[in-house]
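These are the structures in question, set out in turn.
In the two complexes that follow, chain A is the common piece, with chain B as its partner first and chain C second.
Take a look at the complex of A and B:
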């Protein structure tokens, strides 16, 4: 170990450092060059032009805001008027998150090494999650609306479908970080697969599951609002109407934006409180 | 030199450190012993300002450490190196980079973000590693090293800081006896050769006796013993740990010397 002379160690390390610095320098130069040339190319192809259109980005929000400011007294009435459709939207998001998370939980455990019930079928369950994740909600929703007719049910199924894949991927990453030792312990007492998963894995991963599921709930509220644009009901449908009727309805659009913003803020606050309590709870147990 | 006055740290209703006053007039090697939860770690963490005290003051060379904020506080932290039980290195970075982290307070944020350090610093880091006998691992990732080697990298990082005080929070608690001895020898050398003050939290009494000039015993946040290693008798140790007459430090000692002691004790019992 001490055979290598110090000067040799110094020289070797300096050579390595110089090589690393050279690589990072080249990488940085290539990155800057690509960004610059890509921007120029894209700007040339652009019909309007980036610089000529830049100042107009804020025109639409300014129009909406100024009209909403003029009709400020109407705002509370609009908020009350759209509250029921907001609840419908949240319901779609909540139901789809719950159903999606349940499927995701089972799929993720079946697709994690060391936990899987059938280790050979891991690739199959992985691909199944990939497929559900690859399909955008809006595609599934359009097909289902065509088959089942418009309404909240096809929207819920569409979002749950996508949620299964998206959460399944995140859950299986959580599973990979879970310790396999408790599972081995439960195996040694003769527990079944479902018992091992529910009693050995779930207590370890529950806080992370919950935090991902709450994030997904937030995303799903937005997704279900967007699905309203294609006829799935909820607040998205009202937003589409308010926006497409143009001037004169912008105060309603502003009220709907406010409702959506408030909902996201509330869900975010709620989820951080819940997560805090979960981690704080485990800390409390550990010290007792 | 270093004065701690009426230092208290409360976590809710629970006082981790309770009205501790200590004075050190010259650089020494100091061992702090006590049961888990006695407040040893909290005391060290307050000295480094990783933790803020509830009340009381820490003064070093006439400067009130406990009142420092922002940049001044970070400069103090650079002067007051900390060594952790679990090494607290960046596992995916190479050994020399980890040692160079000791200079972060002196260098600009932008340069260090791109891992750019002056050549003189890099050479010094390798020299320090060589002094601790691990220069051969310079280019390896920290995570590829054994626990004992990682702790020596952590010591190298501390020395790189060129600190006035080195705090070691149970530096050998997760090491085997052989590596524990190497690490303790290194800490002693930092004191003997560089004249730095070393304060180490220790779990094993024989280590405290062998390596330290002064031993401080803590129990439930209070200092219950402050004296020379020679004064640290088994009776005093029982007081510190709140143990009864069945307590024998040889039973769990990690010192290789004590290997033959338990059998002697058993023989004595039989007689």
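Take a look at the complex of A and C:
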């Protein structure tokens, strides 16, 4: 090893550090400039300005809350009234997660090396998953509402469509980590493709699949509430109606807000406890 | 433990497994059955409008050219999709129309044709069916061959509709209109009033090189039918919403996440407050944030960006604080042993550990927020989501709807690809 004087090493090191700092400084400056100009641009294009609207953020929530507080005795009745819509929203999410997960399971297996039924078609199934994943739910929902009429079915199909792609990608990542030996073993005794998958793959991947599906269910509840807002039934639709009644009638909107918020928080907590249990076994740490 | 007890235990285990293996599909089936009933899927057939579906699919890959005659002035107008923006300039007409003085003959393919002449409409079908109408103030006055009307003709006193495989003829008292379908997205590049409409690609290139590139581009960009400039701007707005929302949320969540992490904030109440704040931001869904913010800021991209920002502050806060709780304490100790002050300990002991994790999560959200921005845009009115809902509400511009859908899918896939590349680059260093 050639002898390099310590001062030389030190100078080189400092030069490198400075260069690195300069690069990250430039990157940071570009990023900050982008963010700032982006906000200015978005502010220009908005109907109301940011600064003129800032103090009004709490006006609407305050209005809704004060009306709800005035008519507090009516609140339980409203909650009972909107419970069926809430159940519909949850059912849309549940059914679409279930259907999407079933399709995703099959598609992801067809798109994983070593498991695929037709190895040549792997790219095809991958692209299919990419496209379904890229499709925002609202696109499918709006088109289906035109054909099938309003109601929960278009929302269910739309969310299931996107879920297929989203879960399909996650499932194929799980599949890639699964051991292929059970499949080989089953193959050697003459098992069919379906048997190889059900007996060789599913037991390995089921906990991870379930964990991802739960996470998706959580997301899908939000999605189904949003789709209701554009006419696909459930609590979102009621919310839109309650909002359109205007001032003095916000107590029903408040009840719906409350139901939606409560549901999302409860499902969130439940699914995170369940997912923890699925990934770390039954050992449950007190979550705070 | 004897072998016998082990065997009974194993048997019980197998029995349980077998039961769950059979019960699970049954539970799923039962749930789907319940959904089938509660969503009234049998009643879907009545509610569904298959005619709408057919129009939608056909319009998405083909276009109509309308030939309209005013029954009083006898003036004939040709227009793509029947829109003013797609009207043929005077003296021009599609090549399946023949003009002989006052007579206009429209070839409707399959041997069908329609003859407009001075207020008289004659339809002759490929199978020899003849129909003549002389509309006036009192009615359409159509005369049909003797016998029952065929199923593809719908006639009343004031209206006659002839539906053909690729065309349709509608006669009312004031107007006679016939349109014919053709494959493709007409006028996608240039509208009829542009000199470049119908020009071959090679000719276009040579024109472009002879100094007309700017004119060609502005004719394409300002296309009144497809509004390329507006669409591009809307796409940019959607991406802008996603970008501002995602990175803004990351910036807000970063300091708050330290407050919510057990190893950085020993004070229980503070930690608890930060976590509940995250839960609140996430629990009040993007939908509700959008509604609340739209009341304050009005519709537009800023509202959408802020709705994403607030919701994702909750998500990022939770994820970041979990990542912070998993940092390796040894690195911080090592930095501390060199005499680093607290701020330096964070800078050199913590940040380098968590940056790749944070960035990868943020970039992952960027892609999914592009989709959310489309949805929020449809609700709050901004970006490509707004254009899409507008096109769907008119219920006739399905070719534009399919164009927007293709663009949205392309945009999301592009964002996915970019974020994937950046993730790999940043994580590997």
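Please note the rule applied: the second predicted complex is superposed on the first by the 215 of 288 C-alpha atoms of A that agree within 3 Å, B and C clash if a C-alpha of one lies under 4 Å from a C-alpha of the other, contacts with A are read in each partner's own complex, and residues count from 1 in each chain.
Here, contacts are C-beta pairs under 8 Å (C-beta built on N, C-alpha and C of every residue); 3 or more make two chains touch, one makes a residue touch a chain.
Computed from a predicted structure; not experimentally measured.
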item: Partner chain(s) touched by A:94 [first = chain B, second = chain C, both, neither]; value: second
item: Contacts of A:14 with chain B and chain C, given as first, second, both or neither; value: first
item: Contacts of A:143 with chain B and chain C, given as first, second, both or neither; value: second
item: First (chain B), second (chain C), both or neither touched by A:258; value: neither
item: Contacts of A:6 with chain B and chain C, given as first, second, both or neither; value: first
item: Touched partner set for A:210, first chain B, second chain C, both or neither; value: neither
item: Touched partner set for A:130, first chain B, second chain C, both or neither; value: second
item: Chain A: partner with more touched residues, chain B or chain C; value: C
item: First (chain B), second (chain C), both or neither touched by A:191; value: neither
item: Common ground on chain A, meaning residues reached by chain C in one complex and by chain B in the other; value: none
item: In the complex, chain B residues that touch chain A; value: 96, 114-116, 119, 122-123, 126-127, 130, 133-136, 138-139
item: Complex contact set, residues of chain A against chain B; value: 1-4, 6, 9-10, 12-14, 16-17, 20-21, 24
item: Chain A-touching residues of chain C, taken from the complex the two chains share; value: 28, 31-32, 35, 38-41, 44, 47-50, 52-53, 56, 237, 240-241, 243-244, 247-248, 251, 271-272, 275, 279, 282-288, 291-293, 295-303, 305, 371-372, 374-375, 378-379, 381-382, 385, 388-389, 392, 395, 401, 405, 408-409, 412-413, 416
item: Chain A residues touching chain C - in the complex, by the definition given at the top; value: 31, 34-35, 38-39, 41-43, 45-50, 53-54, 56-57, 59-61, 88, 91, 94-95, 98-99, 130-131, 133-139, 142-143, 146-149, 151-153, 156, 222, 225-226, 229-230, 236, 239, 243, 257, 260-261, 264-265, 268, 288
